[in-house]
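Labels run A, B, C, D and E following the written order; every chain starts at residue 1.
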Amino acid sequence: MYLARVIGTVVASHKEPNLSGIKLLVVQDLADEGTQKSVIAADAVGAGVGDTVLVLQEGGSAREALGKPEAPINDAVIGIVDQYKGYGPESRA
Amino acid sequence: MYLARVIGTVVASHKEPNLSGIKLLVVQDLADEGTQKSVIAADAVGAGVGDTVLVLQEGGSAREALGKPEAPINDAVIGIVDQYKGYGPESRA
Amino acid sequence: MYLARVIGTVVASHKEPNLSGIKLLVVQDLADEGTQKSVIAADAVGAGVGDTVLVLQEGGSAREALGKPEAPINDAVIGIVDQYKGYGPESRA
Amino acid sequence: MYLARVIGTVVASHKEPNLSGIKLLVVQDLADEGTQKSVIAADAVGAGVGDTVLVLQEGGSAREALGKPEAPINDAVIGIVDQYKGYGPESRA
Amino acid sequence: MYLARVIGTVVASHKEPNLSGIKLLVVQDLADEGTQKSVIAADAVGAGVGDTVLVLQEGGSAREALGKPEAPINDAVIGIVDQYKGYGPESRA
């Protein structure tokens, strides 16, 4: 798992049917700020652009977190972070 | 999951029998454009060279998305992307 | 698995319900000391900031180690290390 | 999955019993040619040194591809490639 | 899977109960010699410091190889290597 900022969104109209209704977010590890590295994660908690979030990187858990056992996903946003210390370039008290 | 461009195809005539009938695409993470880094993904949505796509990186989900529980694959193209913002070097409105 | 130092904590009040009651630690691979690279791991052994720990990187085992088969996690602290030799920049006798 | 060249072999006489009878190949991602990066993959298709192959990176599928559900492996050679375009430093028509 | 040298050991007295009786080794990919990169693997074959070994990187297979389905591990030493060719900086005939 890692801490990330939500920096964008994705729209795919032609997709695998089990992806329907899943909000896809572009998230960037706080430690990668300033680089082009980011990933696409399914939203399980109602996060939006600008939020600092906890990202899970495993399909089985991710599908359970979304309550969609058939969904083809392998990354999910599972928490909105209020405070953290000791991660990446900054802390948030 | 990540966003990628389909940049090529692969033909393997001698292969594991459960791969038969699966179209294999060469996909490159949009953030890796200009490098030699790419992966081979099974096509689940009818994508072609030049398309911007959503790539899943997990075997279990990938096999379900293709409807082939026995297929030996671990990456799959699961959506064709219309719009994205905040991923890699550019956006597409 | 790898050896890490616990360097911080995370608080997320709005999160996937199955994360409730799980302590989240910021851990950094001993070999990454001095960099910004770190990950978030669930605590299965009562570790705290400053401890040298053994980190597991697999969801299935991690959930079992915490005794929470429904928890959406994929990294866990599973041991507090007393001695090690040959890992990262230093040894601990 | 990725495309690789078979560049060597491995012999281990003292090993986990379920590895018996499995041919282990040293394979190198075509994009890593000229570096020291390579991995060990179990052969599911009768590949040999010099072949360009398709490599699968997931234990569950790899064990099925070899027809050995108990084998402790997590990478397998699942196809011998005839043609490819758009992968690594060169194409093969 | 990859080839590694066993370069150290780890002792953790306070740990997840299912780790009891499992020998933990520090192993370094032969291609990473001279760097600080290494991982912790459970020993399934009686390997010791200095041995060249085959390392498996998947929890399910690793637990089976150790005969401990409940053990929280995700890397295991599954073979002691006699000969190899084409891996990392050197060969062993």
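In the analysis below, a residue touches a chain if its C-beta (ideal position, glycine included) is under 8 Å from a C-beta of that chain, and two chains touch if they have at least 3 such contacts.
Treat the numbers as computed from the prediction; the structure is a model and nothing was measured.
> Could you tell me which chains make contact with subunit C and subunit D both?
E
> How many degrees of rotation carry the C-alpha atoms of subunit B onto those of subunit C, rounded to the nearest 5?
145
> Can you give the whole-Å distance between the Cα centres of subunit A and subunit C?
20
> Quick one: subunit B and subunit E, Cα centre-to-centre, how many Å?
Roughly 32 Å separates the two chain centres.
> Touching two or more other chains, which residues of subunit D qualify?
Residue numbers touching two or more other chains: 60.
> Can the chain contact pattern be summarised as a line, a ring, a star, a complete graph, or none of these (other)?
Contact pattern: a closed ring, each chain touching exactly two others.
> Could you list all chains around the ring, opening with subunit D and heading toward subunit E first?
D, E, C, A, B
> Hey, which residues of subunit E end up touching subunit D in the complex?
1-3, 31, 44-46, 54, 56-58, 60-62, 64-65, 76, 78-89, 91
> Within their complex, state which residues of subunit E touch subunit C.
Touching subunit C: residues 7-16, 18-19, 24, 26, 28, 36-42, 49, 59-60, 63, 70-75 of subunit E.
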